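Structure incoming, see below.
Labels A, B, C and D are assigned to the chains in the order they are written; within every chain, residues are numbered from 1.
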Amino acid sequence: MLERRVYGAYIVLRCADPDGPRPQAGQFYMLAAGTWGGGAGERPFLPRAFSVLRAGAGHGLEFLIEDIGPGTHRLCELEPGDDLLLVGPLGVGFTAPADGRRPLLVGGGVGIAPLAIWQDELGAAPALLGFRDAPRAEGARLLADPRVSTDDGSSGHHGLVTDLLREELDNDGHATVYACGPPAMLESVRVLCEERGTPAQLALESGMACGFGACFGCVVPTRHGYVRLCVDGPVLDAAELDTALVAGAGH
Amino acid sequence: MLERRVYGAYIVLRCADPDGPRPQAGQFYMLAAGTWGGGAGERPFLPRAFSVLRAGAGHGLEFLIEDIGPGTHRLCELEPGDDLLLVGPLGVGFTAPADGRRPLLVGGGVGIAPLAIWQDELGAAPALLGFRDAPRAEGARLLADPRVSTDDGSSGHHGLVTDLLREELDNDGHATVYACGPPAMLESVRVLCEERGTPAQLALESGMACGFGACFGCVVPTRHGYVRLCVDGPVLDAAELDTALVAGAGH
Amino acid sequence: MTDLCGIELAHPIINASGTFDAIAARRVFGDALIEAFPFAAFVSKTVTLAPREGNPPPRLWETAGGLINSIGLPNKGLERYLAEDLPQLATLPVPLIVNVMGFTAEEVAELVSAFAEREEVTALELNVSCPNVETGLVMGADPNEVSALLGRVRPLTEKPLIVKLTPNATDVVAVARAAQDAGASAVSLINTIRGMALDPVSGRPWLGGRTGGVSGPAVRAVALAQVHAVAGGVDIPIVAMGGVQRGSDALDLIRAGATAVAVGTENFRDPAAGARISEELATLAANSGLSRNHTPLNC
Amino acid sequence: MTDLCGIELAHPIINASGTFDAIAARRVFGDALIEAFPFAAFVSKTVTLAPREGNPPPRLWETAGGLINSIGLPNKGLERYLAEDLPQLATLPVPLIVNVMGFTAEEVAELVSAFAEREEVTALELNVSCPNVETGLVMGADPNEVSALLGRVRPLTEKPLIVKLTPNATDVVAVARAAQDAGASAVSLINTIRGMALDPVSGRPWLGGRTGGVSGPAVRAVALAQVHAVAGGVDIPIVAMGGVQRGSDALDLIRAGATAVAVGTENFRDPAAGARISEELATLAANSGLSRNHTPLNC
């Protein structure tokens, strides 16, 4: 672990991965601290999945973490110099827009993480970011000129990020939407895009034990049955989904 | 946790216990770090027993720790400011010599800990301390003018601390021996003293889960059956023992 | 107020047999601990007819999130227990549940009759996790053994009889049902799960008793599954235990169908665990709108 | 070289069924992982006659030092397995052991016959931790069920048949002995222990399958006890598994009587666990003077 930065309610961990391959936007890593276990209920035991926030040659890997339980809590406590075990990059990331569509990034809460590296790769891309409150909205600083909404109106638009998305799509529907966030948000994004025939790539979340296809624990339902989100995702084409509401995901 | 000092192969932890009662020499505490578990084999889980090394009004409590497994390892890693959970003082400590006998302190390895606080309470008392090697012999600095032996001769007398004890008892047998150390050492002390009719108080060790009489796991055999070392010891009168070799104790 | 087959408990948290010695605890922590007693009832360590030294040491092995013990039920035996311990335990501010075990139905009958007469004793817990020396079968693993045992001892007392089930059985629900049908007032589970450890140096069994019983958080998920299954199979109340460390663990067991929850191994890590867990549970129960005499979610 | 009922293993460490997908792992980590394959044999996830979607999510719950899973044996079914997976698995540098399960003896017979013809398959592991839909009994918990099953399928192949025992049984040794007497080439244990978790918010079962199986370090001591007991009751080789994280855990199981040791849940924490553990074991075995074809300490 090289560096720890605080963005309101979130922590950014920067760590070295000298000989690891360069990750693609939307891919993730399984992370565990050198000292794992012994937290609430004698957890965490398994590693935890985190999207890449940023990766630069020589700059190392960055992750954005929200403390919501024993695993994220332990990671948020790490100090520079502490051990961080990582496996990755894993999974399938985002793919570039087709036939001249403009990219539209839609993020909710800690789900903004994969959108930051995707914005880096795309060059400029408008980002619509929704948060619960102002402390979380500080995460918006991680992307270039975002439009922000908060549930409590304490920062930016008072309401849901999908309000902003509807606006944008009404202005110019010739877009490909890239979204990551809580299940409820992803589901409204999916429905919005489906109504308008706008292609969307959704970075989903589900409980994972291994991250590399070994346990079959991370499945999500698609139009052609269950798929392992860790190897066939986490980014899925919205067209493959009847719903983005994954049982057990989110918190 | 207030302070961490290194004595060769040993660590001294000093911690605050503002409203705790003042411990007696030979008593012990059950210790656990704030972050426990997740070490080798997903341990430690239970707290660990440690004799009081020193206790002073306002000075807090000191413990002497040798890193031999997941529990002691975690404790030896603690930094000032880290949480340390303690239960105690527990058990029965040393009692003063009777009929004008002189106290003789005999310690082996990390077993010197309870002798330090006992020497403080007795005022001057000759201390014979045996160690495996020179790095461990640095622990001798914790007592006042000790006679030291090492198994490898790298410091002080080349041989066993019981050689020194035999000498002392031959010079002046009118003594009460206070001993703490590995089972084999305690057993030779017991035999030496028994041969000479010298009273001896032995601070024994056994695996403990609770430290307050709840689990019945810490028993050692005595002349009148098994006793729970945590409540009826850890200091036992040598006269009650057929052997000081406790199954499962030591390492 | 929790009503456990007629036993009035100030809250649902009691201790698991053999994991808290109120007499030793008073010596160590003083009367304060007894006055603010951490449990709503006190369950004794198992009492047998004859005195027992227990198993040779070592008796403990720490495992991942748990403990293996081979204590071997050391106790003074019925006579000295009645003479020496009962008077002291009678001074506790909570109901006393005495846990007894016999190696034959007759032994259990003698124990039950003896405690039936003592009004200091509110209820009896029958530890049936031992082989019947006459049949060779572990009483608690066989429905017929349990029926036969209760047929013999149920008539001997009006006091509640709580049958403590062993998890080392193919069909724990069948055993629980047999206990209910034979007149048990309640069942308690889980006892420890058979486990073993080897001395890293010699490679031989570490424990003096060679094998032992696993307890603690490591068994929590197994306990919850068995309590949930038994709750679906019987109508008598359940005392649930197994790896309870926090109010949320107790709430899970109550939601699965338990009336009371016992804390065992966690007492070793925190002598005040009982009081802490009952407070945590009260807070959670209030928030989760779980009422005192709730009907467990029918899941 | 370890000889497991005729299967030649470069070292004693293999994977536990359903905890490593060699095809997916190659996609993720590349051919390097396959060439330096972490296991001395590859054991497939359970294959059934018909395709199975598996249980609805959520399928995982993390517990103290372990994991509860209710995966529900998703697989392509025999036909597509033979057509799509077997050719790829045949390219692995280690022997292939296919794990199969049926809901009737006839289903198991069909599976065994199908794989009997394929020389890519070195041996079969029979997962009997499921109810026989005809008798309602869990095959692996009942000695008679196991005898009947092997009576039916043993004649169908010369290949080694490894019977995978369930720990959720009163007398695992009796089941193991029944398997041996009916012609099993080896037994493997332990499978997961039945466990459960509740959704902290709703209080309803967390897992889509309602209950699941506990694995990982939390079950290690239980596995060691059962392996030790079974080793005392049968002469056929034992594949031991349950919470193995380190070479020392594998050494314990070998000392208790196992010929080979399978790594399961630890693969999820460390994709290279198999290779690491076999190296640690080799070092320990050298130091502890444990010879390759040792006789387990008679403890």
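The rule we apply is simple: a contact is a pair of C-beta atoms (placed from the backbone, for glycine too) under 8 Å apart; a residue touches a chain by one contact, two chains touch by 3 or more.
Since the model is a prediction, treat every value here as computed from it, not as a measurement.
**Student:** By the contact definition above, name the pair with the higher C-beta contact count: A-C or A-D.
**Tutor:** Between A-D and A-C, contacts are more numerous in A-D.
**Student:** Quick one: report the Å distance separating chain A from chain C, using the average Cα coordinate of each chain.
**Tutor:** That gives a centre separation of 47 Å.
**Student:** Express in whole angstrom the distance between the two chain centres, defined as the mean CA positions of chain B and chain C.
**Tutor:** Averaging C-alpha atoms per chain gives centres 35 Å apart.
**Student:** In angstrom, rounded to a whole number, how far apart do the mean CA points of chain A and chain B lie?
**Tutor:** 53
**Student:** Listing for chain C: what residues touch at least two other chains?
**Tutor:** 61, 63-66, 216-217, 248
**Student:** Which chain A residues touch at least two other chains?
**Tutor:** 37, 41-42, 45
**Student:** Which of line, ring, star, complete and other names the graph you get from chains that touch?
**Tutor:** Graph shape here is complete: every pair of chains touches.
**Student:** Write out the stretch or stretches of chain C touching chain B in their complex.
**Tutor:** Listed in rising order, the residues of chain C that touch chain B are 18-21, 24-25, 27-29, 45, 53-54, 56-67, 69, 71, 74, 206, 208, 216-217, 265, 267-269, 271.
**Student:** In the complex formed with chain D, which residues of chain C make contact?
**Tutor:** Touch list, chain C to chain D: 61, 63-66, 68, 138, 141-142, 168-170, 193-198, 200, 203-205, 210-211, 214, 216-222, 224-226, 228, 243, 248, 251-252, 255-256, 288, 290, 297, 299.
**Student:** Under the definition above, what is the set of chain B residues touching chain A in their complex?
**Tutor:** 35-39, 42, 45
**Student:** Which bits of chain A are touching chain C when the two form their complex?
**Tutor:** Chain A reaches chain C through residues 40-42.
**Student:** Could you list, by residue number, the parts of chain D that touch chain B in their complex?
**Tutor:** Residue positions touching the partner: 65, 217, 245-246, 248-249.
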